[in-house]
Amino acid sequence: MNIYQQLFLRDLRVSMKRWSDLLTGIIMFILVAFIFPLIAGSDKDFMHRIIGPVILLSSLLASLISMQNIFKPDLNNGSLEQLVLSTHSLSGLIFFKILSYWVSSSLPLVVVSSLIASAYFVTGIDIVMVMLTVLLATTTLVNINSLAAALTLGVRYPGALMTLILFPLSLPILIFGSKAIEYSILGMDISGPFYFLTGMMLLSFSLGPIATAFAIRISID
Amino acid sequence: MQSDVLQLQSASLYRDDQLIFSDISFDLKGGNHLIIKGNNGSGKTSLIRTLCGLTQLTEGSVLWNHNPIDGISSDYYKHLAYLAHTNGLIPELTLLENLTYSLQMTDLDKDHSVLEGFQLKQSLNSPIATLSNGQSRKTALSFIIMSRKKLWVFDEPYANLDSQSIDYLNQQIAAHLSDNGMVITSTNREEVIPTTNLEITMS
Amino acid sequence: MDMLSMGDYGLFVWSSFLISFLVFLINYISAQRQFISVLNEVKLHNENE
Amino acid sequence: MNLKQIYKYGSPPNYFKLSLKAENWFLIPGFVLIIIGCLGGLFIAPPDYQMGDAYRIIYFHVPSAYLSMSAYAYMAGAALVGIVWRSNVAFSVAKSIAPFGASLTFLALVTGMLWGKPMWGTAWVWDARLTSQFVLLLLFLGYILLHLSIREQRKADLATSVLALVGVINLPIIHYSVVWWSTLHQASTISKLSSPSITGDMLWPLLVMIFGYGFFFWGVICRVAASEILKREKRSKWAKEYIKRLK
């Protein structure tokens, strides 16, 4: 077992033990998505119009809530320092840490989004499209979030600051993600938004871990 | 065999305008034990963190085999085991899991004699969070001892330890030193330190 | 007077002018004040040493 | 200018003296240009045949919008230099740009709204340019707040520089996505938005204003960056000597 697999499995295991953090994210995701029809009306056309923005917004909020704790406990118990002192590249380790965090915090959202989609009267292949969009969007968001979390590690109450940093950086994902869902429901060509989302995912996975690793070195100094 | 050497050359550290320490130098060779003494808040931890490359010096440099450690960090970290104030253990996982997933020490000693020496054998399957402070400290210490690294850096290792464990730790340190290893220890409990050849007192 | 009323848009044009002027003024003044306060801070620092 | 000279002016005391000397060389031309531009834009340029005198707001809107975008780019450039060479001078420049950049963004937003009110009948229109400016304002605010909330100066410099760099990579993507989004939603207002066919006697005051804003901006930055440098270097010898000579 190499060190990256080890880290991946360890973090997955730790996330399971910290299940309340994960659950908070999922609950947030479901709540936001279910509150919209309750307060804004629930006829089919309207639901189809708002599902894109609603799903993307709730993934943003869910990942914001669960990601605040990606590095903080590790900083407090000292294992983040041990990570920095590893002989392996910190960016690589962070890449797997982010990946493991994505699996534990966002993969459930992808599954849950299918339920939400059917509650919004979305049917057939479009449900898969909704799930795919959530998958692509959360993989990017998790990178942006981890950078914001790493930058604000030394800040006592990082919540508001993280939101402020996160919003402008994640705006393109929200726009294109909700368009992808809307196009798919309208039966239009969705390749444009999907190319964009995939490109953003690749970009964020190639730059995110490097920037996050750099920010962690700064923050634990 | 070429013997390794850790050098600190006229090191000073400022945090913004505040002077933490200034102009400290030493050479640490195989078999040497460096003790950093001083009261709380005298900059012991900062000094130790600069030696590990976690904090950048304002002036001066840390050299491993005559190379600055920033440039050769992955080579340097092959030889470095560091115990911070925090134990670096994940409280949700058990002792054994922490040992298995321990990242820094990829070639951990698999026989658990050190854990036995610290009387931790019966706690192998309890989560770190349920152990006492002294027990988790001992766990972290035994990970360092089992790591087979050349340079051990301890920040306040004697905190929370009972006298039996202190004796055991000193034994282990002595064995490591006679094996041509290097040890750096910071402490404010002077009565428990074994005699050494290098000393820095921070003020 | 015709010049000032700018058709009927004088209110908008002149308030743009005014707010731009004010923001620049505030930035300029705060720059000068910041410099002076840093001078005093450094002076204090020197005396303490 | 060769590399040695650049290095020389990159050292804090030299940069400090240089920027204090250069301050007025920026401020005075900036001031004069802005006055000329204001006179030209408000009085000399003819009214637009479609929009009447309301278009004169562009003499305030366009320069601040331009400059706010480039201010972010300058800030990110200084941040990059700071990270690569660990230069206190570059960090000071980056930090000093942020408040002025934010206030320019704010100006661009407010003048944009003042333009929108008579033109579109509403102060806020979800058009690409205004929305981009709003996002830019958030980026500036994030930078400033991050700097304020990290206590140690050196850490704050590095962390905010990372943020500025990530922001500058994202800025074109954000702008592109906002434009794409607004062309979908606001097809009807786009035609109204298109800039008036500008004639020469309308254009020159605009150019003069853009240059005036730029000069004035750098004049203020010179002073703010100088005070930042002095603050960071207060335990150095040159700073003490400088203070002593002032007395």
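Each chain carries a letter (A, B, C and D) given by its place in the written order, and its residues are counted from 1.
One rule holds in what follows: a contact is a pair of C-beta atoms (placed from the backbone, for glycine too) under 8 Å apart; a residue touches a chain by one contact, two chains touch by 3 or more.
Being a predicted model, the structure only gives us computed values, none of them experimental.
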Original post:
Common contacts of chain A and chain C?
Top reply: D
Original post:
By C-alpha centroid distance to the whole-protein centroid, which chain wins?
Top reply: A
Subject >> Contact-richer chain pair [B-D vs A-D] >> reply: A-D
Original post:
From the C-alpha centre of chain B to that of chain D, how far is it in Å?
Top reply: 49
Subject >> Distance from chain D to chain A - Cα centre to Cα centre, in angstrom >> reply: 32
Original post:
Roughly how many whole angstrom separate the Cα centroids of chain A and chain B?
Top reply: 37
Subject >> Cα-centroid distance, chain C relative to chain D, in whole angstrom >> reply: 15
Subject >> Touching two or more other chains - residue numbers and ranges from chain D >> reply: 152, 154, 234-235
**OP:** Note the residues in chain A that touch 2 or more other chains, in rising order.
**Re:** 221
Original post:
Out of chain C, which residues touch more than one other chain, so two or more?
Top reply: 45
Subject >> Those chain pairs that satisfy the touch definition >> reply: A-B, A-D, B-D, C-D
Subject >> Residue numbers on chain A that touch chain B, as the complex places them >> reply: 3, 6-7, 9-10, 13-14, 17-18, 74, 76-79, 81-89, 93, 220-221
Subject >> Interfacial residue positions of chain A with respect to chain D in the complex >> reply: 147, 151-152, 154-155, 161, 164-165, 167-169, 171-172, 175-176, 179, 196, 200, 207, 211, 214-215, 218-219, 221
Original post:
Considering the complex alone, what residue numbers of chain C touch chain D?
Top reply: 3, 6-10, 12-13, 15-17, 19-20, 23-24, 26-28, 30-32, 34-35, 37-39, 41-43, 45-46
Original post:
In their complex, what parts of chain D are in touch with chain A?
Top reply: 135-136, 138-139, 141-142, 145-146, 149-152, 154-155, 158-159, 162-163, 165-167, 169-170, 173-174, 176-178, 180-181, 184
Original post:
In the complex formed with chain A, which residues of chain B make contact?
Top reply: 52-56, 74-75, 77-78, 80, 82, 84-93, 97, 101, 103-104, 106
